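Each of the next two complexes has chain A plus one other chain: chain B in the first, chain C in the second.
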Partner chain A sequence: MTYINSLITDGLAFALPLFIMAVGGIYSEKSGVTNLAVEGFQGFGAFIGALIATILSLKSGLGGQTIIYIAIAAAFVGGAVYAMLHALLCIYFDADQVISGVVINILGLALTTFLTSQINGVLFGNASNKFVLETSYRFSVPGLSSIPIIGAIFTKVYPFEILILVLGVFFWYLMYKTRYGMRLRACGENPQAVDAAGGNVYKIRFISVMISGGLSGIGGMCIAYSLLVQYSPNIYLGYGYLAIAAMIFGNWNIIPTFFVCIFFGLAKAGGNQLCLVMQLSSLYTNLFMIIPYVLTLVMMIFFSKRNHPPKAAGQPYDKGQR
Partner chain B sequence: MGQEREEYIVEMRHITKRFPGIVANDDVTIQARQGEIYALLGENGAGKSTLMSMLYGMYEPDHGEIYIRGQKVNFRSASDAADANIGMVHQHFKLVENFTVAENITLGIEPMKKGLGIFPYVDLSEASRKIAEMSKSYGLEVDPKAVISDLGVSIRQRVEIMKMLYRQAEILIFDEPTAILTPQEVEYLLKSLEELRKGGKTVILITHKIEEIKKVADRCAILRRGKLIDVLDVRTTSTQEMANLMVGRTVALQTDKSEAKFGDPVLVVKDLSVRNEDKVQVVKDVSFTIRAGEVFAVAGVSGNGQVELADAIAGLVKTEKGSVTLLGKDITNDAIRDRVEEGITYIPEDRQKFGVFLDFNLRSNLALRRYYKEPFSHKGILNFDESQQYAERLIGEYDIRSGQGAKTSLRSMSGGNQQKAIVAREIEQHSPLIIFVQPTRGLDMGAIENIHKQILQERDRGAAILLISLELDEVMGLADTIGVIYNGQLLKIADAGTLSSQEIGRYMMGVTDNE
Partner chain C sequence: MNKESSRRGGPRAALARFLTNERWTQITVPIFCIILTLIVSAVVLLVLGKKPGTAFYSFLAGNGFLQKANYGSGSGMISDFFSFLNIMAPMLLAALAFIFGYRCGLFNIGISGQMLLSGYVATVFIGYSELPGAVARPLVLIVGIIVGGLAGAFIGFLKYRFNIHEVVSTIMVNYIISYVTAFRINLKYIDMISRSSKTISSAARLTFTKVQIAGCNCNIPLGIIIAILAAILVHFVFEKTVFGFELRAVGSNRNAALYTGVNVGKQMISAMMISGMLAGLAGVTYYLGYTNTIIPRELVSMGYDSIATALLGNNSPIGAIFSSVLITIFQNGASYMSSAVGVAKEIASVITGILLLFSACGGYFRRLAANYLRKLADEEEEAKKAAAAMAAEKGGEDK
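Up next, the complex of A and B:
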């Protein structure tokens, strides 16, 4: 029973950060900018968040949980600012969007690793490559959490999980119900139509890529708090790519993507639990960690045919072209 | 004309527009009155679209002025023009395919509401009602809730028209609206243009099809090589006169055809069936024979399997059953190159996609059928001198106009000249069977005349010709034998002389003798 409970609890704690990153990916791609840079965005965003958290806990008298919220906000800003580089390359310089995404990822890893040790050198006189973070507070909902099995959903919940759910609803609403969202989706399908209707394709795409970076940053920060309890180059473990896979299986729609992320989360947590149940040494956990990725490959076989990526994704918009 | 002090809704005075290397418009003046259908007639490259792009704010003129309702305007973008109640239906539709009709129509001016008094959201219910109402009053049936990707081209075009009307456009520009439509759809569109005129709208119609102008337009400005040649009253001008003015010389509206001399059968198709990608049977048990020196034309409404039939014979799609025999040899399962070697050449419908490499130059494109053979290549190494000479010869013989001779990239050439290049390349194969699919689609009269002449020349040389065309006039003008295809079946095969266009039209709609 406890296995099942921690499967659900851990699964959700992983699935939700993955989900918010995937929403970030959707924002960029639906606006017509291919986004392989989620990995770099989440890492860079988390770096900024962790940096702010480290400085605040050193220099300010703020409480741990307050710092966590500030760190998440900082990760959003950091991711969004870093994403401007991708936006600039793809939208204004017509760079190949796949290459730009890969470059963003490599640059993110190199830059943040370098900066982390430099800043640590200045702050602590010790050039360590990680920022140690505080453990986030977790809560259980009284009553609900004691229901068998389902109760696990309400047990040991990170506050950021609630935040991500709220953001998920907000960004779903923004994409499907508002004027900006409608134009964003049109930009990813036929930017000429938006232009002819008086919309500014460049601006809409730029904002969307920034949102993409910001949401990815939040995802990265949450993973740093939950999975790693520190910020280190380990943040670039490939969860950004997993988020892209979730986006693709979710057919670039937010609600299906949510369920794909839950599935990935449960698969990953399931791998860990399986390892525990079978009382295997921790060496084998790595083997079980591949479960989400194997599932990705298997699902790809079944889903890739029915998928409809945004038509204009990957193509720079050229106003002159008719 | 033009001397009376009349109020013009659109006046473009002394417009000049230069692009690198060409003068697209040279001192052109046109004036349209409110509530008329004003046609712009001219061949491809005559400057019609450029002129209208300036009226729609996509370009700015180098010289000259534009007046709307007597007010001078300076449009810097399409939205400036839209603010002056000008709308344009482009040749390539600007629609978002996975959006509904209503979403497309309201894009850019989305009607907003507030949920719970604070959350703004796009509300289309009111707009959908309005669209449904407008579509009724102009006879343009569209379902506001339909998704664009489910709709055919003619309905998509209606959506584009509704888009203008929804924005209260008073001046409606149509850029070659009938190029993509079937004859029935053309009729429908022309009726709606008249409907719009009745509603007081001013319609500017860009076209190179004189019959359409004759049917609906009030006045017609003729452009040739960027210059305004004349403005005519359509009612008092004959079709022949307009054609001559447009091309700048006397053109033959009827093609002269010599007596047919049929030889042995070249192509024998028996019980041929083809399924498309969605596993739907699109060609059903089709059988026919084409003899040497015969033009066999397949008439039909677009999408009835004619293109798949041609593709199956050329080897582009697999046959489900039946056989294709060329000169007595069964080629049903042969590879495309083998078929070419055995004597099939093919002029495809989508010339830019299947006919040429747009970013290759003319020399390479002309050598496409032969580059791997001596003397165009020797032991796998290309011989450019040979292909250069070959290209120069074809450019001369077939009058292919290109800016920089054999070095010109196909992309920079006009559609008519791209087609000339393809036709030249294919005809030079001197194959026993030539398949033409929609060979004159989107071409102007001069180019059409040229291609028709070449088709007949090849026939007289003794080639068997399979002609697939949506233009009934083309079928009637060229065919020795006509096959009418409906829903994948050849409903009727008959000598050209024995069928009237009305009869063919009835078969095209699926009406058979026994009904």
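Up next, the complex of A and C:
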């Protein structure tokens, strides 16, 4: 019973950061910019967030929980600013968008690792490659959390999980119910039409990529708080790529992607719990860690054929083309 | 544009012509990117309060191109140079692997996974065996090629049969390989002290260790010869064979290739297979040459650095030889540079990243230069027209 409870609790704590990163990916790709850079965005965003958190806890008298919210906001800004690089390369410099994504990831890892050790050297006098973060508090909803099985959803909830749900609803509304969202989606299907209707394709795409970076940054920061309780190069675990896979499964739509992420989260937590239930030695955890990746591959075999990615994704917008 | 006008203009125009010159653009644009990178990294070093000159000197000295301040006993410039060749061999092979896929329009991001898998299989089956060197070394290469090729072909098959984007599938396969090999190594082959797999027999190792040359202990790599041969072979396949031509046709326009009767699916699978074979070779030269052990769960960053190498070399196999020299100088010289100048050695990766960033914009620089030249030519034309009109007007007044 406790196994099932912690499966749900841990699964959600992993699924929601993944979901917000995937929403980031959707924003970029729906506007017509292929985004393999989620991994780099989330790492860089988390780096900025962790840096601000470390400085604040060192220099200001703010409480640990306030710092967490500031760190998440900083991660949004950091990710968005870093994403401008991808936007510049893809939208104005007509670089190959897949290559640009890979470049952003490599540069992100190199820059953050270098800067972390430099800044640690300045702040603490030893060039360690990580920022230690405070553990986030978790709450349980009284009453609801005592319901069997479903109660696990309301047990030991990270505050950021609520934040992500709120953001998810907001960005769903922005994409499907507003004028801006409609233009954004049109940019990914037929940018010429947007231009003819008086929209600025370059500007819409630029903003979308920035939103993408910001949301990925939030996802990275949440993973740093929940899974690692520190910021280190370990943040580049490949969850950004997992988010991209979730986005492709969800067929570039926010609501199906949400359920795919929940599935991934449960699969990952399930692997860990299975290892515990079967009472295998810690050597076997490596074997159970492959579960989400194998599931991704298997599910892609069944779903990839029916996918239809945004038509104009991957192509720089050329005004003269028709 | 006539010859006369192309000679005129200031240094800006000269630079633009330098970049757009059709015969040399394959070389001039990368050189331009390298110079930009050196300028940017010099500025970064200056901001950190270090001397860029000393830093660049130590990058070269760390690889045996220049004299270090002092050497330990039994080591010298020549041993540094051989260790440079030792790490350059897998880098060049990995870059060739990326190029082979890329020319066919496929992004093989899974090079590090394919390297790990082939290195692991070769280590377990050949590295831990008692075979003599004359048998073991060729077998290591063959195992590397076969395992890498199968891993690559699997990705190509998924792409062709199920339409799974190769970037996503290679990354998933990367993690699966790294976890499964880590599990096997931890279970059976772990060395409790070094926390990595047990070292392989020296008969199976592709690097001859501690060879005495001019009083220095040198590690002489077989891999570098294989890598250069592979580069020449890949060049030959692309330029001189029907197979290579069809591959490039699929890469530049899949539909056109399909229309002219190329079997696109077969080409994609074989491109990924050969890309995987080259990655497999890179894997055995890395894990059974440069190192002789495998650290569990670690995917080497070379898989990604090789993309930088390939991009910088304009995705040409011969260009990759030169670019892998450059990237390896940064990567391999980082620790000596770090100790000599006192900057964290991660700066080498930052420099590689910046280089990659500029290389990705190579096409943009070229177009910018071409546009500038066109504007210049237009202005000249306008000026000529205006002068002619003025002259005509003047002539009219005289009458």
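We take it that the second predicted complex is superposed on the first by the 322 of 322 C-alpha atoms of A that agree within 3 Å, B and C clash if a C-alpha of one lies under 4 Å from a C-alpha of the other, contacts with A are read in each partner's own complex, and residues count from 1 in each chain.
In this section, a residue touches a chain if its C-beta (ideal position, glycine included) is under 8 Å from a C-beta of that chain, and two chains touch if they have at least 3 such contacts.
Since we're looking at a predicted model, the values are computed, not measured.
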{"item": "Chain C versus chain B on the shared chain A, clash or fit after superposition", "value": "fit"}
{"item": "Which superposed partner A:G198 touches (first chain B, second chain C, both, neither)", "value": "first"}
{"item": "Angle, in degrees and to the nearest 10, that opens at chain A between the C-alpha centres of chain B and chain C", "value": "70"}
{"item": "Which of chain B and chain C A:Y173 touches, first, second, both or neither", "value": "first"}
{"item": "Chain B or chain C, by number of chain A residues touched", "value": "C"}
{"item": "First, second, both or neither for A:V98, with chain B first and chain C second", "value": "second"}
{"item": "Which of chain B and chain C A:S117 touches, first, second, both or neither", "value": "second"}
{"item": "First (chain B), second (chain C), both or neither touched by A:H308", "value": "first"}
{"item": "Shortest CA-CA distance between chain B and chain C [superposed frame, angstrom]", "value": "5"}
{"item": "Common interface positions of chain A, toward chain B and toward chain C", "value": "none"}
{"item": "Footprint of chain A on chain C - complex, ascending", "value": "48, 107, 109, 158, 162-165, 167-169, 171-176, 179-180, 182-183, 186-187, 296-297, 304-305, 307-308, 311, 344, 346-347, 349-350, 352-354, 356-357, 360-361, 363-364, 367"}
{"item": "Contacting residues of chain A [partner chain C, same complex]", "value": "36, 85, 89, 93-96, 98-100, 102-103, 105-107, 109-111, 113-114, 117-118, 121, 127, 238, 241, 244-245, 248, 283-284, 286-287, 289-290, 293-294, 296-297, 300-301, 304-305, 307"}
{"item": "Contact footprint of chain A on chain B as seen in their complex", "value": "78-79, 82, 90, 92, 94-99, 103-104, 107-110, 112, 119-122"}
{"item": "Interface residues, chain A side, partner chain B - complex", "value": "173, 177-179, 182-183, 185-186, 189-190, 192-199, 308, 311, 322"}
